[in-house]
Amino acid sequence: MSRPATIAHKQAEVRVDRVREILSWYGSDNPGTLTNVARLLNHGRLAGTGRLVILPVDQGFEHGPARSFAANPAGYDPRYHFELAIVAGCNAYAAPLGFLEAGAAEFAGQVPLILKLNNSDSLSGGADPCPAITGSVDDALRLGCVAIGFTIYPASAARNAMFGQIRELAEEAKRKGLAVVVWSYPRGSGISKEGETAIDVIAYAAQIAAQLGAHLIKVKLPTAHIEQGAAKKVYEKQGIPIATLADRVRHVVQSAFNGRRIVIFSGGEAKDTPSILEEVRAIRDGGGFGSIIGRNSFQRPRDEALEFLGQVMTVYAGKGK
Amino acid sequence: MSRPATIAHKQAEVRVDRVREILSWYGSDNPGTLTNVARLLNHGRLAGTGRLVILPVDQGFEHGPARSFAANPAGYDPRYHFELAIVAGCNAYAAPLGFLEAGAAEFAGQVPLILKLNNSDSLSGGADPCPAITGSVDDALRLGCVAIGFTIYPASAARNAMFGQIRELAEEAKRKGLAVVVWSYPRGSGISKEGETAIDVIAYAAQIAAQLGAHLIKVKLPTAHIEQGAAKKVYEKQGIPIATLADRVRHVVQSAFNGRRIVIFSGGEAKDTPSILEEVRAIRDGGGFGSIIGRNSFQRPRDEALEFLGQVMTVYAGKGK
Amino acid sequence: MSRPATIAHKQAEVRVDRVREILSWYGSDNPGTLTNVARLLNHGRLAGTGRLVILPVDQGFEHGPARSFAANPAGYDPRYHFELAIVAGCNAYAAPLGFLEAGAAEFAGQVPLILKLNNSDSLSGGADPCPAITGSVDDALRLGCVAIGFTIYPASAARNAMFGQIRELAEEAKRKGLAVVVWSYPRGSGISKEGETAIDVIAYAAQIAAQLGAHLIKVKLPTAHIEQGAAKKVYEKQGIPIATLADRVRHVVQSAFNGRRIVIFSGGEAKDTPSILEEVRAIRDGGGFGSIIGRNSFQRPRDEALEFLGQVMTVYAGKGK
Amino acid sequence: MSRPATIAHKQAEVRVDRVREILSWYGSDNPGTLTNVARLLNHGRLAGTGRLVILPVDQGFEHGPARSFAANPAGYDPRYHFELAIVAGCNAYAAPLGFLEAGAAEFAGQVPLILKLNNSDSLSGGADPCPAITGSVDDALRLGCVAIGFTIYPASAARNAMFGQIRELAEEAKRKGLAVVVWSYPRGSGISKEGETAIDVIAYAAQIAAQLGAHLIKVKLPTAHIEQGAAKKVYEKQGIPIATLADRVRHVVQSAFNGRRIVIFSGGEAKDTPSILEEVRAIRDGGGFGSIIGRNSFQRPRDEALEFLGQVMTVYAGKGK
Amino acid sequence: MSRPATIAHKQAEVRVDRVREILSWYGSDNPGTLTNVARLLNHGRLAGTGRLVILPVDQGFEHGPARSFAANPAGYDPRYHFELAIVAGCNAYAAPLGFLEAGAAEFAGQVPLILKLNNSDSLSGGADPCPAITGSVDDALRLGCVAIGFTIYPASAARNAMFGQIRELAEEAKRKGLAVVVWSYPRGSGISKEGETAIDVIAYAAQIAAQLGAHLIKVKLPTAHIEQGAAKKVYEKQGIPIATLADRVRHVVQSAFNGRRIVIFSGGEAKDTPSILEEVRAIRDGGGFGSIIGRNSFQRPRDEALEFLGQVMTVYAGKGK
């Protein structure tokens, strides 16, 4: 604590201010939920900046073990991901029940946890996905989590089942003082493959998650494609800027209650570092709140992953160009 | 309070009389529900007149954010609609969970709230709509709402699911002292597109909502088209007047327990002001109880919206021609 | 609405500001509870001023019918009190289950109701009072109440039973969006008769009610007597001003979270009007939030009661001297 | 126990060490569940080795009585299987409700019991299996069981129902101090018949069971077939060794949290002894935790069965080649 | 973050090590409870040292408002204590329901909270104290607390009621992932006044709290007096060192499971700073885990309180002499 106290104090105040500003958007929530949102915002290297980088590891369930962990076999061990999130200084680590149970005691208190309450696997399925419920709000409490996580697939014919499930789980989570993180991934017979990342569809997906009561919303990065005819007319008539990725991020954030809900973006498939950093800069410049980066983190060797996550956080901390 | 007390008192008495008359139609409801119906009737510029203008904003969920808010981007912010309803003097503001959570604390006590408990989105669907359940009666209590709102689609093959849901939710809402508002929109494989606003179908939709136990019923304005053959015979044989819009409104109101249920009409798509005011006069003259006006309010610039809503209310207050 | 809109608007803003300021003190409450606190503050002649006059009628239960209503036999009829509260412009009417059931439907929406959930009678008892539970939170919902009311008797040997009951009822009421009003009346073997209104004891009673989670606290007007030796030392050492009634009111309000809880004062036994108005001025000047006036209202003839309540409200409205 | 006490003591220490090491993987479980996992590991001939041989007899329910017991009619009697498991020195005996109820009292305390909570029968069914729930966690408690057993069929269109059931049952079992054993058998319209034992699919099935929170996982022995295209690319690119059965066992164990979950393998259909022993050696050499052997045990005459099980255990005890 | 990363990293590791060591003592607790114990240990200026300074403010309830806050009237405002605990860098702030409700949202996430679930007042009582239940475990969840707090009075004739209450509350708290802090204050007809701080009695009180399942135990500093004859014989025969305060602290810590439960000491009545710092050094030297300092903090002017708490923490941080 050799830093001059006054400067440290001032910096801390700025950070508290930003976190309190964000918390002020959630006026219907009890202090328990606000506390857990604050814990997410106050942990790790981006603590207090209002930006987040979250490590999610549900691919073992979603894609199978070899496709997820063979590239970096250390990842077969559930403790690896806790440790990676802690050392990298991520804001939180999100995973299904089994992965969290396998490390939550050993790493208790070292990183905020998000329990994914539903999961799909790749052994069956169809055009209209509907994940299985794989955990409960009480599981999240006993594992010391700050939030529940839930995936919805707008555009799936099974959307009503999913919307009904998250509605019920979110009500319970909020009553018990937890935060609610919704992965909103449009997919299903209602839209085309290209439409899954269309700007109108991603913006719509963010809006739906917000209307369902999510505190944090995770969507994919949108393309400039517009899927729906009725939307296309409006985008053109109103001249909504969607040319650059930053433009599109800005529109998605606007679509989530004019920026009054925390929207973070997923990296998607494994890519090279420069491409991702360029995306991250666009998220930052468009007013996005951060990234949730799974495969691009844990499928790299540990040292590379830490360096990479450090670079991403540097961008969000406002020090990268 | 410089106005002569006696005149103010007399006017207040008249208003209390009309509200008490309306409440007398709901003899099976407990005082809690009556109180909340009264709150709807006693708020805003039309307080005590027995007429209502309600601001509904569920289009973000139903049509997507850009189609709903790009025309007047202030509307991306959930607080905008609370403030619009309050300043305009609407009787109530109706919206899905997320939109109400985002402002219910900040605007507590300033306008009666209606929580829409089910919602459709436009990313998937089919000929036979069935919205997702997106909120609960307990959500309505914790958010301080006076009523739950629910959409049914008579003529959808999924009608039984919806009718069963509202039956259960209405039973719970009434036990807990809330009012029940049903949006009754005929749509689905049972009828033609033109039939969705046919006079026989709209009247039937109002009847169904009333039979399901709704306190307030929202239907679309009916055309003179008659959809069903069996109905057509009766309309012709009995000479039911349906030539003018006021005639048709009168028939719909009659179809909702001879006027002993509150029936209000939706404006539908955005239109020019004179057309709407003409419709509003017809509603008033036909004995309708008011309007629920979404897109025609919040998609205009704020000043225009306030002026427009003022004009509508002036008509209902009996001072417009 | 013939008053100049701008002035009315400005006045309304001031009132909204004061109500919002008060609501800001209750940051742990959901919007439902905030809405109901706002309803109390926004009703009647003192609407929006942050001051309240509440009519309580539980004397029928507490003292028996003749002692309560023979002086003004109209009061035997439960509807009398609803009507009195409404016409006088009180902020709320508080009564036990039976009295509310007997008028809640007829007067639905005309005055905020507070259901007293416990009551003592005078047919038995002893040195250490403990009222019976006579209603439930769900009763309050079905009757359309804005709050539950509950009496605790600090200094009674039975205090743990009462504190435990209100703890449980308050938790339920808050979850369901109701406000909590606690009558805190020190009485019992722990203190002397004189001590029941001692300044140290009344201030302590207000603190206990606040610590138990009350939104509104009702205490008796304190005398300058100091009951407890340990307290006396502190009052003298710190020179706490308690000479005038306004001083003592100020100290009691300070003792309820430094004025961040609504504290109102009861009039106690029937007295002459000038004495009461003098007390009311002291409450106002000491920063008290208002009065709860039972016997001094309903035991007078209706016209006298209305005139009297009007005078009280005039003082609180800041227009009396 | 004629061995010198000091050696026995040292050996016991080694065994305690291995059991404690295994228990350390289950840091989220309460001592009750840990105790029951320990009971499984500390019973029978393989006590303390970290290896298990479990006798399961659910074929009566799954295949019918004659197909199950006619080959060795002694098996019609439920007591036969208790006695077989006890005399053979198995770690546990697993069966449906009826079979356990028929012997749990008589053999109380002589062998750890696992209550299978769901079962399929062969009288109906289809491409996408979904077993019936046939017992409860409370049944397991009253019968003195150490664990519940549950079968999931990944790749079945009904997987969400099964995953949801085990989620709920596992949460209850863990709260009540029981262990959870999941039979994970990929089957259904999502994969081919050959795919049911494909190495990628079996590894995935083990991962899913682990993510669902299983303490013990039972899978079939995998073949070298790779079912899914996306997986095939990874297996080839990363050069995952799957040539020998021991290789494949090693990969499956790795796929269950890098060996930090107990994975045991089923023998499948009745075969000759040398074939099975060769499989058992592969399981041992690949780091598998043991076998669950039903038909190959109880469909042989008792003496043969005991000799056979003895041979299997000798391999696991590290003395067989 | 200009400090050399390696040094900071090493220091952080040391701190994680000590916290993990402490958590290892609570092997029967779920990760949720461990996480909340870790939050207590990882917050504030003593974060990671294994030492704690907690600010408790229940005196308003226990002694009345003037006796508690008149010396430093800023303390009448509940926000004052949140802010004091935050700025001073305390590990936690403990208070009854009302005080926490009055600031938990505004200060969400800025300091770990402990909800005191029972409280005594000074308006009544007797030789054998028994506090009232004033909050619930669910209140603790909705307010975002890390722990419940509860006072027991061993030696009170009402001990069984209190022990039964904490047993039930602790069971619920642990299931829901909260920590349990027990104030163990011997008092009542079972012992003399002097005996309340006798070394044998305080050690016994620590043992009882530990046996009741407390994670953190708060006792008063013991004197060298020995209350019980049977104990006196043992202390003398075994030559238990109790001459110095550090000796006695060491014995109390030993009495709480040989130091495997966190024992902190209360300062008691307001005293001068040098006396307290001397006590704190004794606590530190005797292996005590820290102090819970109420009146000596909040009854001083803010600047003095901050300086004083800073001095106390410096001692615990090992930098004071």
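Should a chain be cited, it is by its letter among A, B, C, D and E, assigned in written order, with residues numbered from 1 in that chain.
Keep in mind that, in the parts below, contacts are C-beta pairs under 8 Å (C-beta built on N, C-alpha and C of every residue); 3 or more make two chains touch, one makes a residue touch a chain.
What you see is a predicted model, and the numbers here were worked out from it, not measured in a lab.
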**Prompt:** In this assembly, which chains make contact with chain C and also with chain D?
**Reply:** A, E
**Request:** Could you label the chain A-chain B interface same or different, taking same to mean over half of its residue numbers are used by both chains?
**Result:** different
**Prompt:** So which pair out of A-E, A-B or D-E basically repeats A-D, with more than half the contacts the same?
**Reply:** A-B
**Request:** If we define chain centres by averaging CA atoms, which chain lands farthest from chain D? Would you check?
**Result:** C
**Message:** Nearest whole angstrom, what separates the Cα centre of chain B from the Cα centre of chain C?
**Reply:** 38
**Prompt:** How many angstrom between the C-alpha centroids of chain D and chain B?
**Reply:** 60
**Asked** Counting in whole Å, what is the centre-to-centre distance of chain A and chain C, each centre being its mean C-alpha position?
**Response** 48
**Request:** Please list all residues of chain A that touch 2 or more other chains.
**Result:** 27-28, 30-31, 104-105, 138, 142-143, 175
**Request:** Once you've mapped the touching chain pairs, tell me: line, ring, star, complete or other?
**Result:** other
**Request:** Would you mind giving me the full set of chain pairs in touch?
**Result:** A-B, A-C, A-D, A-E, B-C, C-E, D-E
**Asked** chain A touches which residues of chain E in the complex?
**Response** 2-3, 16, 19, 23, 30-39, 41-42, 104-105, 108-110, 138, 141-145, 175-177
**Fill in**
chain B residues touching chain A in their complex are 60-61, 63-67, 70-71, 73, 76-78, 96-106, 119, 121-125, 130-136, 138-139, 142-143
**Item:** chain A residues within the chain C interface of the complex
**Value:** 27-28, 30-31, 175
**Fill in**
Per the touch rule above, chain C residues touching chain E in the complex are 25-29, 154-157, 159-160, 163-164, 167-168, 171, 186, 188-191, 200-201, 203-208, 210-214, 228, 230-231, 234-235, 238, 240, 251, 254-255, 257-258, 260-261
